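To keep things simple, chains are lettered A, B, C, D and E as they appear, and every chain counts its residues starting from 1.
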Amino acid sequence: MPIVKINGVEIEVPAGTNMIDAAAKAGFDIPHYCYHPHLSIAGNCRMCTCEIEAGGRGLEIACNMQARDGLAIRTDSPQVKAVRRNVMEFLLKNHPLDCPICDQSGECRLQDYYMEHGQYESRLADPKVGKHKRMDIGDHLVLDAERCIACSRCVRFGDEVTGTGELRLFNRTDHTEIGIFPGERISHAYQGNLADICPVGAITSKDFRFEKRVWYLDETDSVCTGCATGCNIRVCHQQGQVFRYMPRRNDAVNKSWMCDHGRLGWQDIASLRRVLRARIDGKQAELSEGIRAAAAALRGVDASSVAFVLGTRATNEANWALWKVARANLPQAGVYWCQGNDPGAWSQVDDLLMDADKNPNRAGARALADHDAAIGDGTDLAHAVREGKVRMLVVLHDDVLGRLEDAAEGVAVLHLGSQRNTTADKARIVLPATHPTEQDGTFTNRAGRVQRIRRALPAAGDALPDWQLVELLGAALGKGPGARDAATAFKLLAGEVKAFAGMTYKDLGGGGLPLRQPEPLPSPPPAQPAAP
Amino acid sequence: MDVPKPRILTARWGIPGSHTLAVAQEHGAYTALRKALTMAPADITAVVKASGLRGRGGAGFPTGTKWTFVPPEEKRGGKPVYLVCNADESEPGTFKDRYCIWNDPHMLIEGCVIAARAIGAKVAYIYLRGEFKYVKDRLDQALAEARAAGLVGKNILGSGVDVDVWTHQGAGAYICGEETALLSSLEGERGQPKLKPPFPAVEGAWRSPTIVNNVETLQAVTWIVEHGADAYKAIGTEKAPGTKLFCCSGNIRKPGVYELPLGYPMMELLNDECGGLLPGRSLKAVIPGGSSVPIMTPAEVARATMDYESINEVSGSYLGSGGFIVMDDRTDLVDALANLLRFYAHESCGQCTPCREGCGWMYSILTRLRDGEATEADIRVLRDLANNIHSRTICFFGASAAMPVQSFLKKFPEEFFARAGVGVPDDWRPAASAK
Amino acid sequence: MTVPALRHERTFVERLYLPEIVKGLYITLRHALKNLFEQDLPTIEYPDVRKPMPERYKGAHRLTTRPDGKVKCVACMCCAQVCPAKCITIQAGEDPNDPIEKYPVEFQIDMLRCIYCGYCVEACPKDAIRMDTGIYEINAFTRQDMVHNKAYMTDLMDGHKPLAETFYRQQAGSAPKGYDTDEQRVLPVDGSRGL
Amino acid sequence: MAAFPQPPAQGHGPVDWSDQDRAEIAELMTHYPTQRAALLPILWLAQRKWGWLSFDVMRRVAQTVDLPPSEVYSVATFYTMLKKQPTGKYLIQVCHTLSCKLAGADRIVEHIKDRLGIEEGQTTPDGMFTLMRVECLASCGSAPMMQIDDDFFEQLTPESIDRILDGLAKGEPLPLPRPEVDKWTFQSLES
Amino acid sequence: MDIPWVELIVALLKCVFSLAFVMQVVPILIWAERKVSAYIQDRTGPNRAHIGGIRAAGLVHTLVDVVKLIVKEDIIPSHVEKRYWFAAPVVAMSVALTTFTVVPWGDALTLPASVTALWGGEGPLSVPLQVAQINGGMLFILAIGSLGVYGVMLAGWASNNKFSLLGGLRASAQMVSYELAMGLAVVTMFMLYGTARLDEIAAQQAGPIWNWGVFGVLDNPGLDPLVLVGWIVGGLAFLLFWTSVFAETNRMPFDLPEGEAELVAGYHIEYSSLRFALFFMAEYAHMVVGSAVTATLFFGGYNIPFLDGQAIRENTDIILAVLGFGGVPASIVFAVIAWRRRNRPFYKALPADDIRHREPRFWLAVWSLSALAALGLGVVGLSGLVGGTALGPELVAFALQTGSLFLKVLFGTFFMIWIRWTIPRFRYDQLMDLGWRTMLPVAIGTVMLAGVWVIVREAVQAA
């Protein structure tokens, strides 16, 4: 691996590494607009210009400079600073400076770099070039061509990531602007990324439009629960209200992208379909009453006719806890996991990010099933129900009844979940669980990567985190798994289940870890409706 | 100056019907090709290299050396090699290629085939600027004749060499004269320059190795292959052998294209070939190599000879593409610079920041200056902008736009400051009256 | 930076206190008698007489308008952000028919919280909020009424001049410099707008 | 929010190639290793066929080369010779870059404007002529000059302009070939 | 008739008079406090409230204040000890008023036989101008004054509030501390006067000004340098007493029982409306009584220097004439000033129909009438009609002597106000330090010195 020198700091990077990345590794921030780690090099913003000390000469753009032995650059010489200042001046020449109404304010690179590298005094006495403003270019996007600095990130995104290529540069000279063909609209499912990658306010999101100034938002790293892909996200929220999800870079999962369905996933946090209170036989009840009633109901039936259903929408911790509760208190009861596709809910599946399986933790539930061969799958459960062996179902976040339909007539159901569905509506006892944004835990994505979710919001209503709800149910039955918090639950889980062996929340960090197993789980065939 | 003025490139010019295959062959066309077909490609390259031929497009890079940059076949990974002839003649002040093709299309075709053979290309494209529709028609006609005669296409003259030559018409973009932009345009994209590295010789059109040569260069190649490197070296100067077509325009009696050996004194070009200035006029300034090179003062003109080194030594300017624009004392230099900047502001491809925003900005300042509405501070901003654009862009266009501004402001500051209503400030010329 | 007070050892006379007390009494008596007999106190007999407010006096906030009558404010939240008392609440909205896309659907200032620091005025990039009304009588019977809303602040100076200017004109016969003539407005002399 | 760009008031409506065009396009495509490289020649073809490139035409071209229409529009807006607006029957483009300016291009433009009674960028009411100033046309030696459609007219004088425009107005074809083109050195206009 | 009706009625009248004497001063003091503080601080003070356009320099405010305090809601907190809480302001007020009963405001009013005959009296009746002639009059004041601390303590404790309790504690500690010095200062004066009866004390100070207590109570000084000792004794006693009066009345700089910064308000924090007003007025009543007692002990009481009761009665007509003709030009000057004030900027800024435009006219009228009255008085004096009657000189003496005391009280209270707006308040430790470590030793020393002086004085007077 070549060793390059940046501002006198020597650093070893893989051959071909871009100097912006190399500098970042060495701890130097090279300002840039057009460069994006997951897009091709355009080199047109000229902001990343650096001075070559050795292995070349003059000023070169860092984004088009590849690490090679003997290369030494400076990112802080007076000349480099002058170039940045001048480039900023040029960029702002025709920029409308409508920061007050621009949603990008606060996360705009023009602002940031201006403060850092700008000239601070205007020399502009000439009129600015006017361009198209406020154009409706897609279901989720607004385009303001005046703010555009023609970095062409969005063009390259359209060419290289989605392959749709709607956005283009039109005209030339300082009339260059981004736009789409008249009558066309951006219709792919990754529009939000265009607003994300736009370093200025040219492309902004309609969903977030004028909702909040970004500097008010708190950010919590989490994982998207919209499908099995498990895109890394950042939950942007303020005072208990989520305003948007943003993708978080994780090269192993989602690079820098996420789909629009996932991006709008926060809208169901406060939806009418949330379960906020415990219900017993259709009547609202205190949570403690609900748990007592559930325990009593479980004790009142023959243990062998009870089936516990692990949820593919529940965290690993909760599934493990439910399994432990079942094994410790009702050893004769059956434990099942269901793959749980919701057929038809999402039809669009591509080779980019979206998965047909809309459950974020299928692989986690499956890893548990692999650990304990006695855990049956959805087919086994359907069998058992049809044969009438099951008199009582304990369901964690799963719409079992929705799939079994009338086969499960007469089966008493205890539902632990956050959203109303067929199962929750028909259940005898419903206990409210939190939305993933309201709890700590882990999900295992389709590729078997265990990733943290973090609590961003206070729990709505009486809801409790999945694992805690199960824990309390276990305690009411006699023996809970004995976790005090999510981290402990995960630690116990890691100590017991080989696939998670040795993992801790600290190890998972921001990017997660793959399950420990000889080979990764195969991806499911896309768009194939799964059997319940 | 009594130097021989051999007609190498213009040999067949003026002969009636020289554009037809029959007349051209009568006057020696395609003899070089026949000779080249007998040579190994490497030998052709060696001859060209030995001749010291430098690219006539403006940069003056040795052509033979450029050809050697094409990766050998085993390193190409099966990618083809392309030859592209740059006939996108759009530098203001330059108009030679049009006459080259118009008068002697077969010499270009011959050159293309020879060069293509040298670099191993199977296809050569002649990129003509969009306005040269009628030139393209004549070239296409010549090509058709040559193709019919087996001089172009598959199995040329039974040698087993395949070289197809196609014309490609641009559509009015100065920037397409820049080689990477030309390749973008050839690929059917916006004619925006590409990042270097990789250089076109390594990764050019369709990401394959591509050699881009000027029309005049390829025609010179024809002559070199026919007559040998030594004959070519005998003409011109040591560092810049051969002849060059000079496109003379502006306030002179006899504008036009003149073929002269390199190293010809500039003053004689002006006074003898061009017929001197119009009666009663005196020389104010000369732009020696197309609009984008720095301007020269009369004193510099008197000392310079027409070759790459001398011009640069004497005035810091460049020979460029040989567009020799003469301005006499009637010329308003502020207006002239505004005129040039309007050209650059109009032609910037809009890709990278300094040139995209800077050219328009410089033009608007110059417009105000021309109209007497600018101040001294504006002139300083203008110079700063030019400095900030120069060599900070993807392609050479930025420098092309900046150099006139820099040189006009440096060499003729009186006119500009007078327009702002002030004298030249003391700090403007830092002891640099060295010129 | 703390500056140490200059102290000296007390002399015996000073330690007796009584002479010092007499000195103090002399000073206060001198003031009292002077004021009793000369009667040129700087006190202004408000509200019959009003002090000419300086141009830069920070009175009640108003929202300025564009020529078409819409508020200049574009709901950029700069004022809300900079406000140390966090008394400004803005709800942004989109105006589909206006080239200036963003406008405040509601703009509220809780005058009970406001500390009149004027940061909002300084932070405003659009000159949309000003405190040049000269109104310092900000009162209401309920807490809710002390929350000034967009309509109130927009119409506050409707047809009137900023108070400060009126006072100058009233008292000195000339307006202070620095007011743009477009927005000059006349305030009723009875001061009813302020009460 | 506004739709972008505003489609021009006029367009061509649905357009399609003739068989001859298709053959020509197929032949053009053989010149290049990729299909899209033929975009520029096809746009020229389209412009010659339909006069100018409306959005309808560009959409058709996009289908032909299998590209998003925005890509075609992007390319079309880059090149000045591709007409995004309809012009008169004859498009007069007068060069006004440095050499032509030194030779008096401004006078030429003024003369044409006076003669046709239009401003730059306008079309005569009868739809015959559109006048434009353009940047360098590589005919600096024979300045001043203009281009009418595809043809150069050089060393212009007011008289020669009158002659050319008279001829065109009468419906005569463009005088071709013209003697100036074969010359490469010129006697300057001594004026 | 066993019941001496006449004496009963006279006693009642005297009570009413003394009550009126104190209570009429209180509003004036409140007004003066505001006005003096304003002038000292270069302000105008209260001047808004008016009756029919007449603002009377802010005097109306005091009236309005009273009305306000009376009609305000009387908040009785639920957590207080009700009985004591109710009692506290009453205690405070009654103590202040009771002490005045032993202060004489004139030597005696001798009603001639012609008057007493109206109710069948026999011969002239001499009415001492003092509510109660008690032998230990000064001791009575000390005793009753000490009760004042109960009002404060009760209020502080009964309010059941930390702050009020702290205020009450401070007040009681402070009062107890300064009572010592006060008592010793009084003892000094006892030694000098040889009696504790205030009427006798006042009578001893009649005549020349050096008879005043503050100069050591000297009948016939001569020019002996030893007189200075008397001055020192009297002066020290006065300083001690006067300082203690400040402390006892909780006036600045000894107003530690109150304190917005540290105690919110002090012992009366829970009081509002009229109950608060009682505390408020009690403070001022205390000031009046303190000033009256000080005047009596040190400044000749009701005596006018060089003009004892006998002299007044003998020269009634001359005094009246001088007063009358002296008053005329003074009134005219005031009338002119009042009339000129109509040109003040304030009146010019008023709307034309403002009712306050009549103010200058009102004052012009008042001062004109006053000039007329003074003229009348002068004429009466000249005419010699009054001096000839039996009752006339008695009434003039009564008026002048009471007026003298009134002026002295006013000056005393003004001085208290003046001090308040001049001197910053003590810290509590400084207060205690001053009381115990400075004033007590000095007071003891003063008592000793007084003993010396009593002996020396005899020698001096003998000389």
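Here is the rule we go by: contacts are C-beta pairs under 8 Å (C-beta built on N, C-alpha and C of every residue); 3 or more make two chains touch, one makes a residue touch a chain.
All figures in this text were calculated on a predicted structure; none of them were measured in a lab.
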Contact-richer chain pair (by C-beta pairs counted) among B-D and A-C: B-D
Central subunit by CA centre of mass proxy: C
Longest centre-to-centre distance from chain A, chain (CA-based): E
Per Cα centroids, the chain farthest from chain B: E
For chain D paired with chain E, centre-to-centre distance based on mean C-alpha positions, whole Å: 111
Geometric centre distance via CA averages, chain C-chain A, whole Å: 49
Computed distance of Cα centres, chain D from chain A, in Å: 53
Centroid spacing, where centroids are CA-atom means, of chain A and chain E in whole angstrom: 85
Where chain B touches two or more other chains at once, by residue number: 173, 190, 346-347, 349
Of all residues in chain A, the ones touching two or more other chains: 133-134, 169, 171-172
Touching two or more other chains - residue numbers and ranges from chain E: none
All pairs of touching chains, each written as two labels joined by a dash: A-B, A-C, A-D, B-D, C-E
Footprint of chain A on chain B - complex, ascending: 173, 175, 190, 195, 197, 345-354, 356-361, 364-365, 368, 377-378, 381, 384, 388, 391-394
Chain D contact footprint on chain A (complex, rising order): 132-137, 142-143, 145, 164-172, 179-184
Interfacial residue positions of chain D with respect to chain A in the complex: 1-7, 55, 58-59, 67-74, 77-78
Chain A to chain B touching residues, read off their complex: 41-47, 49, 58-59, 64, 83, 86-87, 89-91, 93-94, 123-127, 129, 149-150, 169, 171-176
Interface residues, chain C side, partner chain E - complex: 18, 21, 24-25, 27-29, 31-33, 35-36, 41-43, 45, 48-49
